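Across the two complexes that follow, chain A remains constant while its partner is chain B and subsequently chain C.
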Partner chain A sequence: MSTHVKYVLKVAPPYDDDLVRRIEDGFTGLLGFKVQFEVTEDPALLCGFVAYVRGVVYDVSGKTQLAGIQEHLMDSMIVPPSVIKEEDDDS
Partner chain B sequence: MSIRGDIEREVISDFLREKVGSFEMKPSVYRYGTVQSTRDTVIQIRGLTGCHYGEILQFDNDVYGLALDLSEDSIGAVLINMDASVTAGSLVRGTDRVADVCVGDTVLGRVVDPFGRPLDGELLSTVETRELEQRAPAIIDRVPVNRPLETGILAIDSMIPIGRGQRELIIGDRQTGKTTIALSTIRNQKRDDVICIYCAIGQKAANTARIVHELTESGHMENTIVVASFANDSPATQYLTPFAGCAIAESFMYDGHDVLIVYDDLSKHAVTYRTMSLLLQRPAGREAYPGDIFYLHSRLLERSAQLSPDLGGGSMTALPIVETVAGDISSYIPTNIISITDGQIYLSSELFFAGMRPAINLGLSVSRIGSSAQHGAIKWIGGRLRLALSQYREIAVFSQFGSEVDAATSKQIHRGERMQEVLKQSHEETYSVSEEAVLLLALAHGVFYDMELSEIGQAKLDLLDYLGTVHRGSLHAIEATGELNTEENETLKQAMDAFMEEYTHGGK
Partner chain C sequence: MEGINLIDIPIYILNFIVTFAMLYLLLYKPMSKFLQARRERIANTVKEAEEAQKEAEDNLQKSRKELAGTAEKARELTHEAIENAALSAEQVLDKAEEEAAAIIKRTQEQMEAKRQAALERAYTELVSLSGELSTRIILREVTIEDNRKIAERFFSEVTERNKEAFAENNAEEKTQ
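After this line comes the complex of A and B, so read on.
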């Protein structure tokens, strides 16, 4: 029986055991301790995965990246009031 | 598709391609915890290591909370926006941010909530923010209060003067005119370009709307910011309201401006904090308030200051309001705030219902530091007036029993009644420094002593009109210097004699 704690990994389909093993190896190398996941399939992620390890979330899902792009675009749309004033003055 | 349509489509797709191309893909890494239990708006959280006091926490569905209790095995947080979707087992995300509010010129004239979200239905674009919790200015950053903040209310400016950077409590039972005094003071600040901030803490939305409407209609909203939370807002939102107002005021103060901030009111704020503390299971003390209720208000009010010239010389004057029950100023919150502030204006129900407006009880009102900032033109008579009025009110109580009084006492009562009548002022009228100086001089010169009480209200206005026309130069000089020299004193006295002559014989 394994004595390791199993952490949660949510993955977007399709995925296979090889992918999960590569993610586990990646986290083990990154964090410096043995990481094993209990895997849950979550189609809402669109692609990628979300890992919950020792109180920290590592989110590399397509859903979050799309939300980030949306925020980035929204930020680009906001025009500072000084620019609006300058444009009004020009017209 | 038209050519114009093609061009627009091309422009939009180029724009989107460029913006999406500049987006940097990176993993989102953050701390998380799990909701253990929820009680009203208070949440207990397990996990979320490294969370710090006052950190904003993010729940699902864009629900936010504020971490207020940090213990070894759990975190106590209060929800900022009430939402039933937070249940035991929900995930909580740490944001590494503490609560902040937008500050700067773009907020002027606006109505915002404690997080800087506009409540007046218009877009608010701002880039500058300031954290709600800040350290009060250090001793070395301050200089003594030495400039007056005119309220435009004769009774206050003459007998309970307020200086810039002072904390002056307005205290009294409900419906005694506390907010009215604060609003009159706000209205009077336009003369001096003082920026005003009105914090409505857990008020009825209709009341706040009425105040905003009044300020807008009278043209005083331009230099005013209203920070509001309403009675149906979460305790966390109400709790943060005065701190948000204070952060906005501070940003102007450090920019070298003079700021006036009104906290309406801190008794409601204390009750909100008590609610949160009891739900967080903190030990209850006197009147069930938590042990740190004094510190809550002292750390807020200590942020008011007159800054040294090296820091721009700005100031923040605070007018906290506290509501008493049945005139009891010895209960817990009033005594706390009285001891924190630099004086109090006590409004009495008896005076209010006797028609004395503003209903200031001079015996219980005091300004501990304001007199050093008072204008010379007002100061010279303020002390004498206060003494004479206090004596009159003491004697007036006995005369009510119908006891016979000697001629000297009768004269004192006669004069006292007229002094009191001169100090009556409607909430819409505020006086400039020169007008106040003239009215006080008129009182000292006995101008109103031979008049009927019913005539005095109109006579005051007529006198100000008369002197404003005939001796405009003298009034301008008082306005500019704040002083009344011997020559002007004599000139004005002679003018008052002439006015009286005309007034009594002119059939006015």
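After this line comes the complex of A and C, so read on.
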């Protein structure tokens, strides 16, 4: 019986055991302790994975990447000019 | 012997009186009258001269007053002209400023309209582009290899960042 705690790993399909092992090895080397995952398939991630280790979320999913791009665009200049004009009028 | 004849004395006296009377009547009176008339004429002439002089002085005084009044009026007119010119200049300046402000406002409005149009175009193009990119990303089939590459890149980047952070910490410790 294994004494290791299993952390949660959500992976976008398709994936295989080799990929899961690579992710486990990567986190083990990164964090300095043995990391094993309980894997869940999540198509909503589009691609990549999300790992939950000791309360820290490592999100490398395509969904989050797209959301980040969208947020970046919205924060920079991709706001409809009509919205900008309305804001100016309100001030 | 010749001597004074007493009978002739009254005759002489009478003769003298008659001569005196005739002289008085014929010479003294007209002469006196003439002299009186001449005196009066001279007096009148003097009086007229004095009046003329007085009138001339009055006229001179009046002319001086008029001249002074004219000079004062000229000064007032000049002052008024200067004030009017200043007022006109101020009005011209105000009008020029208003026109300049109107031009600036119109230019700013045109620039703002162009900026808005440019933003609209940029927004439309970028929304279109981002939509196209998202569609391509989503519609593309994800492979195991894609997920593997994502994992490799993640660990590679994190490892690289850890090394950099470690190096920075060492450098700070050395400087301290």
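Criterion: the second predicted complex is superposed on the first by the 77 of 91 C-alpha atoms of A that agree within 3 Å, B and C clash if a C-alpha of one lies under 4 Å from a C-alpha of the other, contacts with A are read in each partner's own complex, and residues count from 1 in each chain.
Here, contacts are C-beta pairs under 8 Å (C-beta built on N, C-alpha and C of every residue); 3 or more make two chains touch, one makes a residue touch a chain.
Keep in mind that this is a model prediction, so the values were computed, not measured.
Looking at the shared chain after the overlay, A:64 reaches chain B, while chain C stays out of its contact range.
When the shared chain is aligned, chain C comes close enough to touch A:15, but chain B does not.
Once the two complexes are laid over each other on the shared chain, residue contacts for A:23 go to chain C alone; chain B is not touched.
Which of chain B and chain C touches more residues of chain A: that partner is C.
Touch criterion met: A:56 reaches chain B, while chain C stays clear of it.
In the overlay built on the shared chain, the residue A:73 is in contact with chain B and with chain C. Residues 58, 60, 69, 73, 78-81, 84 of chain A touch chain B in one complex and chain C in the other. Contact residues of chain A toward chain C in the complex are 11-16, 19, 22-23, 26, 29-30, 46-49, 58, 60, 62, 66, 69-70, 73, 77-82, 84-85. Interface of chain A with chain B (complex): residues 52, 55-60, 64-65, 68-69, 72-73, 76, 78-81, 84. Of all the residues in chain B, the ones that touch chain A in their complex are 16, 19-20, 22-23, 25, 27-33, 47-49, 93, 106, 125-127. The part of chain C that touches chain A in the complex is made up of residues 116, 119-120, 122-123, 126-127, 130, 134, 137-138, 142-144, 146-148, 150-152, 154-155, 158-159, 162.
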